[in-house]
Each structure stands twice: as C-alpha cells, then as structure tokens.
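Here chain A shows up in two complexes: once beside chain B, once beside chain C.
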Partner chain A sequence: MNVLLKKYFQIFKTSFNQEFAYRLSFVMWRVRNVLQVLVALFLWDTIFSGDRNELFGYDRNKILTYVLGLVFVKAFVLSARSQDVAGEIARGEIINNLLKPVDYFKYWLTRDVSSKVLNLVFAVGEFFLLYLIFKPPFYFQENIFQIFLFSVSICLAIFIYFSILFIVNTIPFWAPELAWGGHFLITVIMVEFLSGIFFPLDILPDKFLNILNFTPFPYLIFFPLQIYLGKISGFSAIKGIFVCVSWVLILLFLMKFVWQKGLKVYQVYGR
Partner chain B sequence: MEDKDISSKIKFQNNWNKLKLWLVGNFYFPIKIQIMAKFMKRLAYYLAIWFKMSRNSFLVIFSRKSVLFVFLAGKIIRFVFQVLLIFFLVNGSKTLAGYDSNQTLFFFLTFVAIDSTSQFLFREVYRFRNYVVTGDFDLILVKPFNSLFRILLGGADAVDLITLPFFYLSLFYVGSLLSPSSLDVLLFILLIVVGLLISTAFHIFVISFGIITLEVDHVSMIYRDVTNMGRFPVDIYKEPVKSFLTFFIPVAIMVTLPAKALMGRVSFILVIISLIISALFLFISLKFWNFALKKYTSASS
Partner chain C sequence: MRASVNNTVVVNGLVKNFEVTEKEPGFLGGMKSLVSPQKKTVQALKSISFNVESGELIGFIGPNGAGKTTTLKILSGLLYPTSGFVQVLGFEPWRRDQKFLKQISLVMGQKNQLWWDLPARDTFELNKAIYEIPDTEYRENLSELVKILEVEDLLGTQVRRLSLGQRMRMELIAALLHKPKVLFLDEPTIGLDVLAQQKIRDFIYDYNKKYSATIILTSHNMDDLIDLARRVIIINKGKILFDGKLEDIISKFAKDKIIRVYLDKSVDVKRFSEIGEIRKYNFPLVVISVPREVSAVAAAELLQNFPVRDLTIEEEPVEDIIRRVFKEDYIK
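Moving on, here comes the complex of A and B:
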C-alpha cells in the first residue's frame, strides 16, 4: 500500500477505535438522532392522517421518505469530528498536530470519514428498526440518473459542511472564548434550521426559499433529498449541482484564506 | 399581704402553664410556629446562598460579552425560526391534531417558557460531569449546605434571564388570544408549577446518572430531546408513545397539560392525577439521587 495512503488509513483506524472508547456516549448520540426523527415522523404522519393527499407539494409517501432519508443524509453529511478543532485552537493543543508530518486538513477529513462510516453503520440499523416498527410508506427512487445525481450532491454536501466547519473553527484564532459559541450559532442553529433538518424548506414562502438558495445551507440536506425524491430533476438538478460545486470552491478558498490569516495572528495560548 | 400576692402569682403561673400545656396538647400551636420559624430561617439561608451563587455566575457571563452576545443571538434566532416554521406549517395544513395555529403556537410557547425557566435555574447541571471527573464534587459535598441544591441551582444562566421576559410576554400575548376564563388561568399556573417540578426531577435523574456512569452531556441532551417532543401537543403521537410520554416520562403533564388547561380542555381529575404523578416522579428522583451518592467513589482524589 502507498505510504501516504497507509498513513491516512492508520489515522482512520485510530479515529474509528477512539469512537468506541466512549461507547455509551456514542450510543446516546445515536439515541438522540432516533428521537429527533421520531418527532418528525409522528408530526408529518398526523398532518397526513386525514383525507389529505398533498401538502406543500408532498404526498404522504414522499414526506415520510424525506424524514426517514434524514437518518442517512445526516449520517453522511453531518457526522464529523472536525468541530473539535476549535477547542484544540482555544486550548493551544493544535500545535502538537501542526508539528506532525501530516496535512492538517487531510488529517481531519480522514477522521470525519471514519465518523461518517461508523454513523452510517448505525444509521442503517436505525432505519430498519424505525421501518419495522412504524412501517411507513417509503418512496424508492428507480431512476439511475437521479440516484447518481443524489450521490454526487451528497459528496459535495460533505465538502461544503467540512469547509463551513473549518471556517467556524478558525474563530478561536481571534477569540478563543468563542470556540463553542461559534459552532452553537452556525453549525447547530443555522444548519439545523436552514438546511432542512427541522422541516423541508419548501414549506416556507417562495421569497424566503429564494433568499435561502443563495446560501450554502440548503445544499447540505434539503437539496440531496429533493433530488432523491425526484422533486428536482433534469436541468434544475444539474444547475443545482453546479451551484454546489461553486459553493465548494468558494468555501474551500475561504477556508484556506481564513486559516492562513488565523495562523499568523495565533499565539498558542496555554502552551 | 405579700404572702397572698405571691400565692396568687404562683396560682396564675400554674394556670398559665396548664393553659399552655392544654394548647400544646390540643392544637400543637407553639410547635407549628417553631417549625415555621425554623423553615423560614432555613429558606432565607438558602435564598441568600442562591443569590450569591447566581451573582457570581452572572459576573462570569457578563465578563465575556462576546460569548453572551453569541449565545443570546443564537437563542433568539432559534426561537424566531421555530415560531416562523410552526406558523407556516400550521397555516398550510390549517390544523395540527385538531388545534389551530394560535393553539399550536401556544403549546410551543408553553414548552419554551418551562424549558427556558429550567435552563435558567438548572444550568449548573451541564457542568456537573466536570465536577465528578476532576473530583471537585468532594469540595461540594463537604460544604455546610445541601449538595443537591448546589449542583442544581449553583449557576443560574444570565442569557436565559435576558430572554425569559420576552418569552413570558409572547406566552401572555398568544394566551390572551385564546380568551381563557379565570379558572383556566389558575389551573394553567398550577400546572406550570407542576411542569417545573417534573423538570427538576428530570435534572436530578440526569446528575444521579452522571455520578454512576460519568455520562451527563448526552443524557442531558437526551432529556432535552425528549422534552422537545412536547413542542407539539402530545396528541400527535400514537400509542404506546403517547402513554409513555404521559406516565413514564411525563412530558405530556409537563408541557401539554398546562397549555390544554388554558384552553379549558382539562378535567379536575386529570389535574389531581398530574399532581400525584409529579410528586411521585420527584420522590423517585430524590431516592435515585441518594442511591447514586452512595455509589460515588471520588475517582480522582
């Protein structure tokens, strides 16, 4: 195996094992995910319980697929370890990793991938458990091209989230006390509401949605699920993919730029 | 003459003592006053400690203004987003489990009022794991006041204190749109107190679990997620989840019931049952706390 690959594979393995060091903590985190999906499942099931066939452009099958799909898409996109970087910077521990012969971004991207794999394994189990208990109708996408676009959009969403996390992670370079505050505001509140986790974004009036589409947040969860459900297809889907690529490029550039600026002002507090 | 005076004084004293004994024997009147006085003194003592602890906590938060600003902004943005989404959702679907948009919003605002009040009072719970892991909990245990009081109420949150009046006003405004009667308002206030008692019990469970397993962060977040199920009326959930949320983890009693009381949809029997369940829940949590304390091993000291 290539030496470089071997190095990152070892990081992947170590990070994967580290998750098992705090088993109870990990199980609790997954329980939380199931609870959040449960609320959404019941809520939408109640809304569609009467003789209502369609609301906000969704039928019962599609809306419950959206909710169940959240289990997978969240595991793919939002499972990450790199939010810990902010704490490393605030405590000055980052210097240990910067001195190692490893690319810092690739190091965290590898750790993120290990977290995603582990979360995905659990997500599959949770999905089948919820499916067996509640037996909700599920919409299976049969169009191969849509599934391909869905996969591409997921990959791009992973990079968008990684860049957002790292940009937020740089806040402690200037304000160490905001290590958690920055994540609370951006990666908890903004991502939760503006990416479509809490509700599908198309329940909002068109004006709101049009403004939101100018931000990277809908491309994290909402956009991939819309492609899977076939609500965005053809030219609109390809156009959306191009917007995603643009966001990835803009955010990666911004991430590198802010990171370099941050490193220059950093004084390695606590070391 | 003097002998007569002395004998009448003794007679009066004896009669007075007899009367006091009779009063004590029949009405326990002086004992009650003593207990009350002792209770009030103890209450004042703990109130003074709470004010001191809260003042210290506020000083810490106000010394880091940027942190205060970010968390305040986060809480306000989250509140506005949730209200907007509920508004658009219920407006689009017309009703949610038979409730119109104002009523659904009132359920949500009741949840916010109880949740934020609990967060304001019990913020210290979220720092508890650190006390146990570092062994600092020993220092709390040796203090001359109740350690549970210190852990539960030791760090009131200034951010929540700032947002609370705004949340209460929103609750008052939307509540007034539902035109409740005086009895409905009275029951609502009573059940809000019951809700806060259940929330207290939940927090006691969390810290007790923290002593045994060293896991507080995720358990407290699971508590938040479970109580978050009360953002919407529990009528949206099906059995057995609905019963689970009513009797086992009484989120329904904590959040949905007060809101229903203001809408005049709660029977007197249900109020009594909720009082019994909340008292039972609090009692079990205190027993669990005592059990957990016996398991504490002071790991790092």
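Moving on, here comes the complex of A and C:
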C-alpha cells in the first residue's frame, strides 16, 4: 500500500477505535438521534392525518422522506470529530499534532471521515428499524442525474461544514475561554436552525429564504435533501451547486487564513 | 554568526515577546477586557545566544517563568521568534518543514501525546504510519525501547489506567520510535517519585550515549542536571546567566569553601563564628563556610585552636551555588 495512503488509513483506524472506546455514549447519542426523528415523524404524520394533502408544497410522502432522509444526511455531513480541535487549542494539546509530519487539516478530515463512517453504519440500521416498525411512505428518487447531483451536494456540504468548524475552532487562539461557547453559538444554534434540521426551510417566507440561500447554512442539509426529493432540479440545482462550490472555496480560503493568523498569535498555553 | 557544520542548534540574539491581556477579576472585569483590552508586552527572552553541537546533552535550568520552556517551544517550531536567528538541523523551526519534523521530537512532562482511551500500542502504530517508519525498523525500535523501559506487559493497557511513571515511559517511547536526531525534553521528571525519576534519567543518559542524539532538556529539578548534563545553561528572567560545564559553575560562582570539622569534645559554638559562617552544628560535626581565599588559613587556625579529630575542605554543592545565583539575580 502507498505510504501516504497507509498514513491516513492508520489515522482513520485509530480514530475509529477511539470512538469505540466510548461505546455507551455513542449509543446514547444515536438513541437521541432516533428520538428526534421519531418526534418529527409523529408530528408531520399528525399534521397530514386529516384530509390535508399538501402543505408548504410537501405531500405526506415527501415530508416523511425529508425527515427520514435527515438521518442519513446528518450522519454524512454533521458527524465530525474536528470540533475537538478548539479544546485541543485551549488546553495546549495541539502541540503534539503540530509537531508531527502530517498535514493538520488532512489529519482531522480523516478523523471526520472515520466518524462519518461509524455514524452511517448506525444510520443505516436505524433507518431500517424505523422503516420496518412504522412503514412510513418513502419517496425513492429514480432519476440518476438527480441522485448524482445529490451525491455531489453531500460532498460539498461535508467540506462546508468542515471549514465552518475549523474557522470556529480558531477562536481559542485569541480567547481560550471561548472554546465551547463559540461552538455552541455557531455550530449548534446556527447550524441546527438554519440548515433545515428542525423543519424544511421552504416553509419560511420567500424573502427570508432568499437571503438564507446566500449563506452557507442551507447547503449543509436542506439543499441536498431538496435535490433528492426532486424539488430542486435542472437549472436551479446547477445554480445551487455553483453557490456551494463558491462557499467551499471561500470558506476553505478563510479557514487557512485565520488558521495561519491564529498560529502566529498562539502562545501555546499551559506552561 | 555562521553556523559550523557540527552545530545542530544555532541561536543568536533570540528575542521573544508575548502580548498579555490584563484582566481584572470578576464578570465586570471580564467584560471590560473584552471591550477595551489592556495589553502588556512581556519579554520572555531578552536576546539569548548559544550553540549546541551534534550529540551534546545540555540542560536548561532556571526557576518558573525563566524562559526555559519558551526556548524549547521556539527550537521545536511551536512559537515564532519575535526577532533573532534560530536554526535547528539547518531548518528554521517555525516553518515546521516535514523533513525537519521527522528528525525531532518534543516531550513535555505535562502534555500527553498518547491517546488517552486507547492502549499505548495504538499511538505507537499511529506514529509508525505518520513518521513512515518501515516495519522492521519499527519492530526493532519498539522491542528495544519497551525492554529498556520495562513496559513489556503494559502495551495493551488503556493509557488512562497507567500510572504517571509508566505513562511517562510510554510517552518517551512514542517520541523516540522514529529515532529523532534532536530530542527536546521539557521537565521529563515532573511529578514522578524518586525511583521513577532515576529510571527516566538513566534512560536519557544511555540514549544520548548510544545513538549520539542531541538532547536538550529543561528542568527545575537540580538532580536531573547534575546527573545528566555535561553542559548547563542557567537562565533567569529571559537572560542567560551561565553557559558552560557544570564544574565551571563552581569556579565562576562559588565564593566560599565548606570546612567540615569533627570535634573530639564539645566546644562553645560561638567561637567558630570568628573563623567563618556556621552552617550547621551537630556535635561532633561542625560545618563552616569561609571565603575561598582564606580557607587554608582558616583550616590551620581550626587545627591549632580547637580539639579537632578530623577536618575536610570541600566545594560548595552545585545546587546551593545555583540557588544562590538565582537569589542574587532576584535582588539585583
């Protein structure tokens, strides 16, 4: 095997083992995810239980698919280990990794991928469990091109989230006491509300959605799911992908920039 | 300054300033420092210069906040120097060139590189991949290190379950698997009991001899340096006070000699104070310190006028001298 490949495969493996060291807390985290999905499933199911066929442009099938689809898309996009970096910086532990002959970003991207793989394995299991128990209607996208665009948008979303996380991670370079606060505000509150986890964003007023579409947040969850559901297709899908790519480039550049700045002011705390 | 071929480390006129934000206590103070931060510049290193030759084992000694760790962090590439020239193995450390990083290692007594929830073996395997160590070399290095440090049975134990001493030994293994040419050790014996300290010390000594690796260590544990380092750099408040052989500290700083007298019968202690400063009186032993120049005269006088059974003249212990150097530096 190629030396470089070996290097990152070993990082992947070690990170995977580490997640398994906390089996119980991982399982609890997945249980929490399932409960969230259950709540959303019941809520939307109740809303559509009358003779209402369509709401906000969603029929029962599509809205329940949206909710179930969240399980996958969240596992793909939002499961990450690199949120630990802020703590590493604040505690000064980052020095161990800074002095290793390995690219720091690629190191954490690899660890993120290992977290994503683990979460995906569970997500598949949960999906089938939910599917078997509740037999919800599920919309299967059959258009190959739509599925292709969906995969592309997921990949881009992974990079958007990675760079957002890393930009937030740099806060402790300047203010070590804000390591957790920054994450809570930006990656928990902002991402949860603005990415479409709580509800599909197109139930919001058009004006608001139009503004939101210029931010990177909808492209994390909402946009890929819309493509899967076929609600965004053709020209508007391509346009969306283009906006995604622009955000990836902007954020990655910004990430490298603040990271370099941060390292320069960093005083390697903890003695 | 031109670097000679033999110089692994070249430091010339190195200055490091830190910007520190002053924060008043309490919530209001915190808010205030957020709105209008009161910045203060702290000079951690005030233009220091020294060279280290390949294969040397040198010790940095100084009280807390002297600048020892800052120096180490700059040499290993963690901190950017404010000004001055720094070169390690021909590289500028702060660039953190991968070729440079593959040849060095930094061990900090208070920072773990081992993965806390996994057995130490997992971290070793990871380092093997990251440092691209070939299989056979890895196996040889590991089995040798594990044997010398006596941790054969602990490789599969979760790191969090290891004792501090065992963990420190594992940290050393993790840092040495890739056979670094330069090893930086920051307080390697901190928090360890005397026996564990000795084990680490013996290992460092042997490692330096066997692989002629350049080792730079900091410590405020005097024993570390007296046991290990042939060359010592005394640093305080960002300035180098002494750089040279341990023995030379004595000729440079020792003003007194120590006379130990064993008496035949008890004598009034006060009579000794005419000769020198009484350090200790515990019949039959009296310890007096006298200025170097007059030590012979003092000894003669003691032999003549006191019931002396035995008498020795000794140098002041190194740790006492160093302690005094720091104290005097504080007074200045």
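Note that the second predicted complex is superposed on the first by the 270 of 271 C-alpha atoms of A that agree within 3 Å, B and C clash if a C-alpha of one lies under 4 Å from a C-alpha of the other, contacts with A are read in each partner's own complex, and residues count from 1 in each chain.
Following the convention adopted for this analysis, contacts are C-beta pairs under 8 Å (C-beta built on N, C-alpha and C of every residue); 3 or more make two chains touch, one makes a residue touch a chain.
Since the model is a prediction, treat every value here as computed from it, not as a measurement.
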Contacts of A:Q10 with chain B and chain C, given as first, second, both or neither: second
Partner chain in contact with A:Q18 - chain B first, chain C second, else both or neither: second
Which superposed partner A:N143 touches (first chain B, second chain C, both, neither): neither
First, second, both or neither for A:S246, with chain B first and chain C second: neither
Partner chain(s) touched by A:F184 [first = chain B, second = chain C, both, neither]: first
Contacts of A:L98 with chain B and chain C, given as first, second, both or neither: second
Of chain B and chain C, the chain that contacts the larger number of chain A residues: B
Which superposed partner A:K264 touches (first chain B, second chain C, both, neither): second
Touching partner for A:L35 - first (chain B), second (chain C), both, neither: first
Which superposed partner A:T46 touches (first chain B, second chain C, both, neither): first
Overlap of chain C and chain B interfaces on chain A (superposed complexes): none
Interface residues, chain A side, partner chain B - complex: 24-25, 28-29, 31-32, 35-36, 38-39, 42-43, 45-47, 52, 55-56, 175, 177-178, 181-182, 184-185, 188-190, 192-193, 198-199, 203-205
In the complex, chain C residues that touch chain A: 18-19, 69, 73, 76-80, 96, 98-99, 101-102, 104-106, 108, 110-113, 115, 117-118, 122-123, 125-132, 158, 186
Chain A partner contacts - residues on chain B that touch it in the complex: 64, 66-67, 70-71, 73-74, 77-78, 81-82, 84-85, 88-89, 92-93, 96-97, 213, 215, 217-219, 221-222, 225-226, 228-229, 231-232, 235-238, 241
Of chain A, residues touching chain C in the complex: 3, 6-7, 9-11, 14, 17-18, 21-22, 92-93, 95-96, 98-102, 264-268, 270-271
